[in-house]
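Paired with subunit B in one complex and with subunit C in the other, subunit A is shared by the two complexes that follow.
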Partner chain A sequence: MTFEELTTYLTEKFGDKLELLETGKFEPFFLIKKENLVEICEAVKTDDKLLIDFLCNIGAIDTGEKFEIVYNLASIKKNIRFDLKLVMEYEGAEVDSVQEVWPCSNWYEREMWELYGINIKNHDNLTRFLLPDEWDQGHPMLKNWDAPDFKRMPEVE
Partner chain B sequence: MGIIKKVPVYAEKFPGGGIITTSLNYIFSQSQASSLWYLLFGTACCAIELMATGASRYDFDRFGMIFRASPRQSDLIIAAGTITKKMAPRLKLLHDQMAEPRYVIAMGGCTVGGGPFYYDSYAVEKGIDHIVPVDVYIPGCPPRPESLFEGCLKLQEKVKLQKIQDWS
Partner chain C sequence: MTEGLRTEEFQVNMGPHHPSTHGVCRFILTMDGEVIVRAEPVIGYLHRSLEKICENRTYAQCIPVMDRFEYCTSMCCNEVFALAVEKLAGIEVPEYAEYLRVIMMELNRIASHMIWYGTTALDLGAITPFLYSFREREDILDMFEMTCGQRLTYNYIRIGGVSKDIPPEFIPKCKEFLATIDHKIDDYERMLTENPIFMVRNKGVGTLSPEMAIAYGVSGPSLRASGIKYDLRRDDPYSIYNRFKFDIPVCHNGDCYDRYIIRIKEMRESAKIVRQALEQLPNAEVNTGKMVKANFKPAKGEVYSRIENSRGEMGVYIQSTGDTKKPLRVKMRGGSYNQLQVMPELVKGVKIADVVAIMASLDIIMPEVDR
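Right, the complex of A and B next:
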């Protein structure tokens, strides 16, 4: 499927649950709502024309104003790639787990929970695994994070 | 007798050779400095240089440095690579497991003072001297094997100066 075919197919299938973003140059990039996340993920995995069997990444981004969460999806059988994006406020940031669809998302979501403080609903093992066990300094990937021994790179002119 | 001639301060020669008298200090420290076995502790790219140094081209063995995979058999820990805050307690544990006298070489910029991770890093320990006492610092990113040789020769000089009374 080419870029246009895939975009048309997905837009027809999901209607206004998807919104195509301009940012995707090589693969379509869709904005979705977090209520529809698990539903869309299950649908694209079981769809015969898509067969999305591979969750490459889950990326969380702190833009300085909002959280963005990006799901990079791929199908190895059909050679398709596209991305889903969620946008949410800092306050009560929470997202559904997709581990029922792709079990590998378990660790990605733990990492997201640990480094960004985004709560994951329906996750079966939300425990610390990247930071030291006795860590008590919050979520280090946030833009406004700070710690006593943490130094920002000085501005270079 | 070539070696004996070089150490007249410590060794007393007897005519005809075959027997020398010297101090226990000299024998112990000299032999210890000539067989510093180091613990394999490579955590990042410095470990590649350490491997190259241990292999046949640079041949670390000619200094009596042989790698050991157990802290119980090592005299020296060459911390080769970035030490993260999560790794720091493990480094401390391995250092504690080594029998005294024990030595530490901090190899590379990361272990000396954080290196490229000094700024903008939440995960890296800014110098391993916060965790274990360091004898020799070898800067570089990563240091070439020649730098590692120089550091080890410096450490051997230090070991040769020690007294067995100081062993705890």
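Right, the complex of A and C next:
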């Protein structure tokens, strides 16, 4: 499917549940609401035309104002690629786990919980992951995170 | 005799400094006698927070950081980052530089598979294959050294092209290497492929079904060993891979032995690609591309670029705000991450010695997992 076909198909299927973003280059990026996340994920996985069986990557982003979470999805059978994006406030940031749909999301979500402090609902193993067990300096991937030995590089002219 | 004997499960710590973990990885194994009931990987020993470091650097400065992401195939790490930024900024790479990139990446893939071949044999108790494969790997590293001065972290593929042209002695050396590599791989096969001990240790061990492989995001040779013909060089072509003819080897059992066969075959296919690339290399116009400056600033946007690495799909997600010279976010995705995640499923019910065989056959290296 080309970019346009995919965009049209998904927009027709989900209507106003998703919104195409201008920022996406090469593959379509769709903004969705977090209450629809699991429903949309299940739908794209089981849809005959899409069969999104492969979760490439989940990444959380701290933009300095909000949290964003990006799901990079692919279909091995149909050779399709597109991305979903969630936006949420810092306050009480929480998202549903998609591990029922794609089991490999387990570790990505655990990483997100640890490094960003985003709570994951229905996750079976939210424990220390990449950081040391005795870590007590908060969530290091946040933009306002600071530590005595962390130096920001000067801006390049 | 055994009646009335009390038995209980116990825990064994495998690692973090176990020689077969290819880095520092720890498994907490719950054992029932010699059989594994549960395995829990404990990672993070090699965590260097590369993603945070990248957010604090300009785009050009991120390339050497990417080298450390997966140091067995640094060329591919450079490429995946360069590819993403080129997509974001709409930079065209000259044809000549594209050919050099493909040559380097494929040589790097062979070198990486040679590390895998040697260490797999070492893990299973055979020392000789390691000496053979590292002899040929040395030739590849020499070629890299004469090109970019580095043997492990190359910083060669840059945003917009490659850092410099290959020296005149590179092509004769490469042709000499390609002329003998097939015989060398025959030698490798003679040592292990039909070796009875090797076969007993690998056949039917760690069988990964295609459904489970996809569900856990396993990619690359490990996925193709489970019978799924999926290779990003063919299915989502990047760079100039659609100009070359090569086969995508597939096996169907999904056990450790099939994963061995796939990687051996892939070395031959990579050599084929390098041969074609050397033939097609445009001699008329030597243009290695224009490197971006330190104050380079791509437009606002986000992209996830992915390539076929020797360990599976390697991807990088970059978001640029358009008003700073540093990326807002760089998220790296490595094949080993998912291969390690599926390990607890694969090792259920096997003996402790097979954990080593399964881990070796999945070709997990820890810097890629911990980042």
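Assume the second predicted complex is superposed on the first by the 153 of 157 C-alpha atoms of A that agree within 3 Å, B and C clash if a C-alpha of one lies under 4 Å from a C-alpha of the other, contacts with A are read in each partner's own complex, and residues count from 1 in each chain.
One rule holds in what follows: contacts are C-beta pairs under 8 Å (C-beta built on N, C-alpha and C of every residue); 3 or more make two chains touch, one makes a residue touch a chain.
For clarity, every value in this text was computed on a predicted model and none was experimentally measured.
Contacts for A:L131 in the overlay, against subunit B (first) and subunit C (second): which applies, first, second, both or neither?
Once the two structures are laid over each other on A, A:L131 reaches both partners.
A:A147 in the overlay: touching subunit B, subunit C, both, or neither? Say first, second, both or neither.
In the superposition, A:A147 touches subunit B alone.
Of subunit B and subunit C, which one touches more residues of subunit A?
C
Taking the superposition as given, does A:D47 touch the first partner, subunit B, the second, subunit C, both, or neither?
In the superposition, A:D47 contacts neither subunit B nor subunit C.
Could you give the residue numbers on subunit A that contact subunit B in one complex and subunit C in the other?
The answer is residues 130-132, 140, 152-153 of subunit A.
Looking at the complex, which residues from subunit A come into contact with subunit C?
For subunit A paired with subunit C, touching residues are 23-27, 29, 53-57, 59, 61-63, 70, 72, 76, 79, 81, 83, 102-104, 106-107, 128-132, 140-141, 152-153, 155-157.
Within the complex, which stretch of subunit A touches subunit B?
130-133, 137, 140, 145, 147, 149-154
Name, in rising order, each residue of subunit B that touches subunit A in their complex.
So the residues of subunit B in touch with subunit A come to 85-86, 88-89, 118-123, 126.
Contact residues on subunit C for subunit A in the complex?
Within the complex, subunit C touches subunit A at residues 43-44, 47, 49, 51-52, 56-58, 87-88, 214-217, 219, 228, 230, 235-236, 294-295, 300-304, 306, 313, 315, 317, 319, 321, 324-326, 328-329, 331, 333, 337-338, 341-342, 370-371.
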